């Protein structure tokens, strides 16, 4: 029976890999904005793969604020959590949610919409042809963390989304390796209201076939950071999906 | 607005903490068996808290088998995944599931049943009075990982469940610190069919108010390991819940 | 009783946190200048919180000079130690004090004046609105040291003081993240007399609502370092308090 | 002036060292019980040196309970904190104190009573002659932490106190290196009331000229742990002082 | 083309994995004895897989003796290197070979004989049924080195060979996890002639379907170590193959 | 016999070292391009030494693509693997090879052509006289990895080849230490076809007596990366050999 | 000229190695007792090699006592330092010496007597035949510290001396690997006078051809430790030499 | 007696420290050039202190060339080793010396000339007044390596010599902290003959009261490196002494 278990797993994994080497959208980062973006794209029937470095999804949500296991959203964004079934409680004029329930339900909803979430996969580079992004270069997190020298594989996609948060990890790779005419400004200090607003302004295609959303958008454009308020993140994820749908149709 | 965000989070966190210092059941470990056990207990109206060392739930499920992102279950156990909405595919006579979808949906279901999952919390000891377990001694994972010397707090509970997997972490603490008449045998090598069966036999109260389930049960009793087949884990979690319900009623 | 201990501690902590989310002055660093500054501010009735990365106060005083457990002060500054009850002994024309007694008594005096010292709290950023500092962004030292990815909280304050020593840690954040028109020069080599004098000259508001004192002041302005003579540090802390009081009244 | 600063510090350090090579009591550990013990011994005129591994005193008090910066004491012990000026607040039938104020004031009081606290000093062994403890073997924490191979020095004392907490560090050295007829049982799991009581029973001379107090006493005798309630610690420190005074007079 | 490269590699890997889940012999360790054993077994038509923790084969041969890049063999064993094309030079009555050429050619010959060498694969446990070894439990070296908590897969085999060298890694797992009636003695100090001879005596089936060869054989039986003379290793590998062939036919 | 083993090894090593202090070509890096280059040079009778940091040859080939143990080559390059006896299998229009067989056979062929491969040797600098490269400065990998401060030795050679892959390690040393008029551009993102072609264009003498081949060539000139397709690497190694032969004859 | 430097060094090193593969006495550890022992043995014409793990000689002398750079010797032993030219100063009834001068001059004298000191060489095992020690198994410190898996070489000798200090490193290997009828007791706590005396009693041949001297002698026999007084060490080194001379003549 | 040992060591250490707080020359680095410089200066009656980071002297000499324990000198410099009693052997036209004997005898000679060598002392900064170097700022290596935050002490001196080798550690501090008009070029690649010659040209006072010698001189001026030939180092040390003597007289 032991080899049967191995066989079942390997067979299904291989089919999945062969089925996902060419996709519509590759989203890098399974945090709040990436999962929301994936949900809206998959709902519209696009082939979406979410690539997450860690073995688990959720990004910076788990620890809530400074380890107190809750996060907040403002009025305008609360429907994006309610849609996936998260319970909210009003404190002053903010809505507070459980920092463990949120990632569980954002991921569940994205999966049920048809997005494929691959965890433990690092995007270490991009495919770039004729000044256009054409996919992602991937490796396993295990190989990266173990410090082994092993070549990557690649996934071709029509669009790539950088949803890697504060580091704008993928945008940095694009900029540093290819001398493109882009600059990663780095996020500014904290100003919650303004940061929330800028986020939407900065969510867009910044290079042919390459979008930024969530904190990566603010980091690229030098926007203010917000702290443990996540409404802008979900709105940014949704907005990003809308812009991609428009482009691909 | 920044202090309002802080206020909302701290207020809710404090209420939650004060509300969870005395519970019916404290489950240690938010892996496959712990989450299943929590779901069945909370569904029956018990006050259940799940304490997980890492910031995320899911235990050893995420990486599937050797990094191929799928797991297997056998016929008898597949309803326990179907109940929470996980899609299964038959390969030979086993059922294969996505290793990211599974933890998302087991956690979502446990939360919706009313269980409270606290991640980033380490159970570093037990409360033990008159040769009875009476609760858990907790600290944050951040403090543990940072190597800081900081005193713990404690949660009183009627029952404690060790669902920490191969290490049987909590049982080991119980045994090593208190010279109780118990021995942690350590799991044996792999024999999938037999391991799956033993698991149910070994899921039980092994010390007053103290239960073991999942791989911790096999580790305590010297059962065989199973590898990437998880049916026994879910069945064990459910069985453990049933035994606790019987005891507490 | 175990849950009662937890309850007492959590309740008191919650009240304290909710009570300190909006303060007059947030001092970063509980070393010689920060503690002195806090003492003089709190004595005048301001609401003062001191935020210290390490679990303990005292900064670089503990080890004395090269591990010999004593420090020195000159004539002009000795009253600032005598006020808090530190015993001094004259050697040549300097005064020598016990490097363990000094932090104990500076902290005791600051606390008795009404300042709140929070240890184990890292200031990882500032609140910055309309080119004015408006508070601090905080996290726990445990989370930072453990390398966990957890969002911060924030404290709003009328004034922030950088008393973080040689690194001028907070000023560096202000400058690097926001491209303000300020430069952290870095301290120069050692020249004790001159460094002591420059320190007072450089203790001031260097950005709207943002003050530097102690070695951070010299580090920002490129002043000389002094070594194990601390008179200038205490004088700088006091001077900083006087300038803040003037501003806030 | 730079060499004058060096001279003042080195001269004072030399006198201090030469003056402390033969003492009445060497207390290992500047935590709650060690500082209390030192205060009561020094008040009676004994020559007392407290040797603390870390550069700072306070032991495990700083982080309060699980990082919430407060600790508790019960009615019977609250006078021991009030004596040194710590403010207490009643919650239920416990008294809550600020976890930063407590070490500051316990140390201040010990120093003002005449005890010498040396931080950054590791006790790596004992002097042992004719089956009697006769002093401590010391090195610097810097040398230990740096992993350098450097010989220690020694301080002769009439009595040595192990106040090193859960590890009972010095007792373990005594037992492991000399095959004496003693066993370090290790503390048991948590039972706050009983642990508090056992602590006093176990505070005593366990080998000629060698006392244990605080959690080290419970660790040696297999007593229960208490968590973030510190009354027993202060009482144990005081009791230990009383037993030593009786012996030495 | 990028996705084609990925496709070619994944497809071939899948076929290979599915083809190697049930084999005749699983050899653990691609050092001198394991590679020799594999060569002789595969030559006879058995299905053989060699599993090596590191990404490369060769074991301890690469560095020669103390970093001088040569190894020695004695007269009786030199044909085993000559057969694979290694050049030898006589010094006194020993034969010296290049420590880089040796692993290259032993591996080349094993591969050409039909053995499959899988590097970067850790054998973390055995399949054990009814007191018989029935295969190996495997994971990737990347996962192990990265410290990730990921479940293994398994390969079923008729025979398992422990050729892991001094540590007798697999035998230790067998013994420690299953309380079988075997003891790993650990190799003794150096005695080259005698060690070489004992090696052959100790190369055998020590548990149903489980063989040891190379230094693992000496380590299990408490034989003497030999140093940088490798003749016994090759002879042991060959002898092990002969004993397995006899058993399986 | 033990000292005889030592004697045989040391004697042979001494002769080898003394024989290799002056060579025709020193190739840095025993990966795909370095081994191919060495094979073609040695076949023509040149004295060639290959210096490899790790104890083993093979570079980044071992792990295949993302840990799937296969690599690909295109039609034009497949003869370079077939020449050394590697088995290839066609998938679509690419040829797939076993990632363990490839390094074994490339090394075997290079050795049989007469090239000397020295593993565990780090090239930490160059010999540079009158603006010409004249050899390499070497140390052991053990010394480098252990962080010991030990002086290097040197090998004089007519030509040095940088075949160190993505890092272009030796070219970087040349440029950083000597302010020569060269720039290491760093490789660009992935574009497999174009990268393969650029590789040959960039394989050349870039400084008197100093050649680059393999990925180092692309890294120096800012070419595109290719991923797990290796044809260009072998062709580059061969082309480099041809250019050197032309220069030296 | 660069290859000439390499040639000169390699040639001389190889001659030295070939000349030292068979010696009279191999002393492990170049600390106070090992260097003294070597000096007295070489003076009598024996072929002596001293093998020291670190790159430098001197053992634990360099840091003096707790970093104060002086050591002490008593009256009876002072001639052993005076003989090698160390300046001594009397304080009370002890003699104080500079902790840097001492190793410099002990080594100089040993070298001038004809002993060969090899630093950076680890003794990782012994040669052991027919229950007699017959030499040492060596590797480089660089290889050990780098954690590389490289085979050792060996030196045959008539006698081996364990002068490795507190750890009795070589004796432990002898005992642990070969189950000989010896026990390493471990040194006891500090008692300077008694330790000094026991040292001479315990300096002897404890196994055929195997001697212990210096702190290793006390560690093996459970003697008391002495701290920063070194007279016994030099006397032990000399006594050990005398006993070896007697045996070998 | 234990406290007597402590007393003797502390008393002597304190006298030494008080006696060395004002010196003529502070040499940083006890390698080949620093020790030679110290010997020549002390012979002329100057008060010289050598400050060495590591606990031992000798710098990069110990490991010889690539771990082969020998170094070389050329004809012109051999008298500088012969003067201190080092045995030399001619190979081709170079002289080869034992890499352990050399540091032992250079240090012995420096000490006997009256220089004070302090090991385990880090120079972390300079005293700098009115654009003149006036001494060194020191700490212990233990404190630095342990990463403790402890203030330094200082030694005033008329001249400071940077003899720290390739890093030109002290010159870098001078340049980086004080924006003086100096640049540390960094050494170039290897060219032994030319490097040896440049060394003497670059040995000089490069800032008021601040000299460079040995490899630090080449590093500052961008000279070529030499490898394991040390003649230039000794000549540089001597030349530096001559230039200082001229300046101070």
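As written, the chains take the letters A, B, C, D, E, F, G and H, and residue 1 is the first residue of each chain.
Keep in mind that, in the parts below, contacts are C-beta pairs under 8 Å (C-beta built on N, C-alpha and C of every residue); 3 or more make two chains touch, one makes a residue touch a chain.
These numbers come from a predicted model, not from an experiment.
Taking B-D and A-B together, the pair of chains sharing more C-beta contacts is A-B.
Per-chain Cα centroids separate subunit A from subunit H by 55 Å.
In this assembly, the C-alpha centroid of subunit F lies 39 Å from the C-alpha centroid of subunit H.
Rounded to whole angstrom units, the spacing between the C-alpha centres of subunit F and subunit G is 44. Put simply, the C-alpha centre of subunit C and that of subunit G have 52 angstrom between them. Touching of two or more other chains is recorded for residues 2, 5-7, 9-11, 13, 55, 62-68, 71, 120, 127, 137, 140, 142-143, 148, 150, 153-154, 190, 192, 227-228 of subunit F.
A list of each chain pair in contact follows: A-B, A-C, A-E, A-F, B-C, B-D, B-E, C-D, C-H, D-G, D-H, E-F, E-G, F-G, F-H, G-H.
The residues of subunit E lying in touch with subunit A in their complex are 2-3, 5-7, 9-11, 13-14, 17-18, 21-22, 55, 120, 127, 134-135, 137, 140-148, 150, 153-156.
For subunit H in complex with subunit F, the touching residues are 59-60, 62-68, 71, 186-191, 194, 224-225, 227-228. In the complex of the two chains, the subunit B residues touching subunit A come out as 1-2, 4-13, 16, 55-58, 62-72, 85, 89, 91-94, 96, 98, 100-101, 103-105, 107-108, 111-112, 117-120, 140, 142, 190, 192-193, 227-229. Residues 125-129, 137-140, 142-143, 148-154, 173-174, 176-178 of subunit B are the ones that touch subunit D when the two sit in their complex.
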